[in-house]
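Next come two complexes, and both contain subunit A; in the first it sits with subunit B, in the second with subunit C.
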Partner chain A sequence: MKSAWTWFLLAPPLALALAFFVVPVAYLFWVSLHAASPSELYGASLTLRHYTDVLGDPFYLAIVRRTVGIAAVILGLCLAIGYPVAYFVALLPVRRRMLAILLLLFPLMVSNVVRAYGWVALLERRGVVNTALRDLRLTDAPLELLYTPSAVVVALMTILLPYMVISIANALAALDRRYEEAAQALGASPARTFLHVTLPLSTPGIASGTLLVFLLTLSAYVTITLLGGPRSKLLVSLVYDNVTAFQWPRAAALAFVLLALALAFTALILALLRPGRVQGAGR
Partner chain B sequence: MTGAPTAGSMLRGVATIVAFALIVVPILIVVVAAFSPNDYFQFPPPGLSMRWFVEFFRLDNMRSAFALSVELALASATIATILGTLAALALARRGGAAGGLLQSLFLAPLVFPTIILGVALLLLYKTIGMPVFAGLLLAHCVVGMPYGFRTVLASAQALDPALEEAGQSLGAGPLRTLVLVTLPLIWPGVLSGWLFAFIVSFGELNTALFLTGPGVTTLPIEIFSYLQFQGSQLVIAAASSVQIALIVVLVAVIERIVGIARITRAR
Partner chain C sequence: MKEEVDDVRLVNAVKRFGTVVAVNDVSIDIARGSIFSLLGPSGCGKTTTLRLIAGFEQPDAGDVFIRGARVTSMPPYRRDFSMVFQSYALFPHLTVAENVAFGLRMRRVARGDRARSVDEALDLVKLRTLADRYPRQLSGGQQQRVALARAIVVKPAVLLLDEPLGALDKMLREEMQVELRGLQQRLGITAVFVTHDQEEALTLSDRVAVMHNGVIEQIGAPREIYDRPRNAFVASFLGASNFVEGDVVAADASSIVVDTPAGRVSVHGERPIGERARIAVRPERLRMQRGGAQGLPARVRDIVYRGPVTHFYMDSAAGPLLAYRQDARAGEWAIGDEVRCTWDADSAVVLDEGGE
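Up next, the complex of A and B:
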């Protein structure tokens, strides 16, 4: 009786998750193992060619490396800026902290295409930055700020920064201040207290912020395209290009290379930071 | 963070001001640009005008993209929240390996690269022949369901089981208990889940990128293709400001009804 009721509740959401999440992803993997076909979505013969092509081709490898490189820079900047900001926010009194978090949450709800457009308006040839530089007589000709890897880094970093700040601020706000007081009372300097007490206790926040920023960077096709233009393509751009060229098995293989990158990074972060060892960190 | 506490707190203060400026300025620029009276955006603006908003609602493709985005967000948020609520109620008191596995499955779309989901669904739809709107709706249900699931799960786990048992022992069946006892108690969780699913659908890019079709386009994708093929015209700023305005209203609603504290805990 009890279990029949549970299954009755569970059946509709489970059906959606299986039919439109698990099955299509499994089907995509199946297609990635097939030869290309000029007339069908994919050919009849099984092959690993698309994976060996991607992993053996210097063009693809260069783009995979660029993707990892840009993601690493974005991540480094998010951590370097996000940690002190999170610390500042976590030390605010409750009401002002809530206000700060609301201010950080709001941009996350605005569509990324709008936020990317804001950066386009700032950086384009007749944009705000170039106009200001001209009016201040600092430049003669407009600077080419848009369609560069730096534009992608700056825009994506600021778009994703609130995730990092909120994750770390939540971890720091939940931290028991008595640990820090104990360290200081035992003679540790503020720097030592931070390195040996505060920082390790905030690793769950660092881990979840890091994972969010990295995973969302991998998928950020629209921001990368608008800010990076045709010359600063990343792995996700290759997935899209192959879909629009109807190269289904190759697009599928590239999608799974992207997924493998995401999984490898997740495993690395969990192994390095071991967020589970901080008590009460389980969400 | 450093030796002297004043240096550390100064660094934190400066970092906070820089970070908030970098996060907020691009959004403010869009809103200011939308009120430009000229053909090109000048800063500081020489005056204020509503002409780009008039232009936005005059353009058929913009107006219909906006309408489609609202319909899609309303429908997908409602379906996603109902399904998420069912899943949360089924799993709220269920531990064990099976319960844990199902919980991970329902939360997975939050961390799964949505661009891959978009490609996978497009391929599936091409194989089975799915109509464009239905396909988009189902994709947004998958993306939105974790939000309803997570907020309701938190509410349901905080619920005193004695209340439901009381309902059952007084002779109410499971359905009556659900409607008369459980739902009124978990209502804030359901509502905030719905608002989140709405917001996510309304701004969603990565599945819509693949699943929109000719004549069936969402506002974010319409903005994206305009920027790509027609350059940054100020009607885009107006379209973006409409997007931002709707989010502002929804955030105010969330704050009034459920309070912002619930959201930060759910994050």
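Up next, the complex of A and C:
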């Protein structure tokens, strides 16, 4: 009886997912295997050209590399800045912890577009930062801050940091302090307690934070377009460019390269951190 | 008399949490190779006392010594102890063998020696075959043994145990008590044991400290604590007791006569004539007689058959009385019978005031 009910409740969402996700993705893959057509969604002949182009062409490869590179830098910064903040937040008493998490979420309440234009106002040639530097006589000519990979990294990082902090803080807050005491009772200094006990036991939080940050970086568009400009394009930008140029099959192939990157990274993180081994043990 | 070395010493230790005094002027000396129990109800300060020895709490006043060294302000990881936690706190990301090896790794013991010690420790708790399992794959009793192996493998000056058997069922708990005692004696470890279970404390310990509201009410060997409780709290916390009260009407060198509402009784102890005295008698020391002029007259209110013993609940002018009888003639009594309750003078104790 129980399983009948389970299926009854699960059937509508499963049907929706099948109709509006699985089938379209499969269709998209089918599209990516065809030549382009000037008048149709895709041409008549089957081809692997789009994939060989993307993975063989230096132009595309450079963009794939830049995408992975930027995502890696953002991830590294989010981990390095996020973990200490999360550690601090996790130690707060419950009410203050909730308040801290609300504060962390605050930047996310501002629309992506608004936030990106805010960065433009700060970073452009006659923006706030350059004006201030000039008035302080620190620079002669305005610095090129906007339309650089650094601008993209800084802007994306500020949005994605809360995801990392909240993921890790939740894992740390759920951690039984007895584990740390047990380590100290066995002669572990605070540093070694952190290294051998706290850090490994927070891997579920690190894994979910890392995945969120990486996957959201891969799919970010507005920030990249407005702050990266034409010279700092990433894979998402190429998908958009190809769609507007009516190169549907190539756009589809690029979408699958992105998906493959996401899946490969997820597998890597799960294999490296093995969060399953401590999942549910933090009581 | 053999010379005794104290492995743990607490001197006038005080610990406050806000306005609550969790540990109030506690002093204890724990002899090398002995098991010392801190016994009391929850919230009595026994766990805080243990945590003062470990260094997880800092005393507001007083001192802590381990093996003669003053460790009062030393962080836990520098102190020579190990600990078994109530929840075991086995590291979930490490195997049984890695858990046991943890303390040796932190002490930078070479890999080969480490492996040998881990094997030995796992042999002691009979878990060698489970060395590669993770804690979540073990039963509660097995986890308990791993926690014990992890604590003894580092050969600490003192082993602290915080209600380590509390989570086990009764059968397993009694089995582990015997095993724990055997292990401790074989290894000659000094152990401090926190428990709220009086039977466990009596079974395991060389000495017991009964705690209540942050204060030690009495320290002594199990038999001493049980047979000669100092006050009403100790008498009632360790098993059942009959309490009767009255004025002291006669006293000689070693015993007094107390005039209770139900009659006069004599008891070993000292108290000046004219003062009030409260005395306690264990139910198993109470004798029941038919007729005669001795003892306190009472009437049987209820009889509860409990297998090996029968409990007799009685009413007297001095208050309710309880007797345990395990002789064949227990069945001769019936509810409503008139009884005379007597006891040997040295089976009763005169209690100090307080402790309530």
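The criterion applied here is as follows: the second predicted complex is superposed on the first by the 262 of 283 C-alpha atoms of A that agree within 3 Å, B and C clash if a C-alpha of one lies under 4 Å from a C-alpha of the other, contacts with A are read in each partner's own complex, and residues count from 1 in each chain.
Definition applied: a residue touches a chain if its C-beta (ideal position, glycine included) is under 8 Å from a C-beta of that chain, and two chains touch if they have at least 3 such contacts.
In this text, all values refer to a predicted model and were calculated from it rather than measured experimentally.
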First, second, both or neither for A:D176, with subunit B first and subunit C second: second
Partner chain in contact with A:R277 - subunit B first, subunit C second, else both or neither: second
Which of subunit B and subunit C A:S189 touches, first, second, both or neither: both
Which of subunit B and subunit C A:K233 touches, first, second, both or neither: neither
First (subunit B), second (subunit C), both or neither touched by A:R134: neither
First, second, both or neither for A:R49, with subunit B first and subunit C second: neither
Subunit B versus subunit C as contact partner of A:R66, first or second or both or neither: neither
Overlap of the subunit B and subunit C footprints on subunit A, listed as residue numbers: 189-190
Subunit B contact footprint on subunit A (complex, rising order): 5-7, 9-10, 12-14, 16-17, 20-25, 27-28, 31, 41, 81-82, 84-85, 87-89, 98, 101-107, 109-115, 117-122, 124, 126, 128, 131-132, 154-155, 157-158, 161-162, 165-167, 170, 189-191, 194, 211-212, 215, 218-219, 221-222, 225-226, 236, 239-240, 243, 248, 251-252, 255-256, 258-259, 262
Complex interface listing, subunit A residues touching subunit C: 176, 178-179, 181-190, 192-193, 196-197, 200-201, 203, 277-278, 281
Touching residues (chain side subunit C, partner subunit A) in the complex: 54, 56, 75-77, 81-83, 85, 87, 89-93, 102-103, 105-107, 134, 136, 150-151, 154, 160
Contact footprint of subunit A on subunit B as seen in their complex: 1-3, 5, 8, 11-13, 15-16, 18-20, 22-30, 33, 40-43, 82-84, 86-87, 89-91, 94, 102, 105-106, 108-109, 111-117, 119-124, 126-127, 138-139, 141-142, 145, 149, 174, 199, 202-206, 209-210, 219-221, 223-224, 227-228, 232, 236-237, 240, 243-244, 247-248, 250-251, 255, 260-261, 263-264, 267
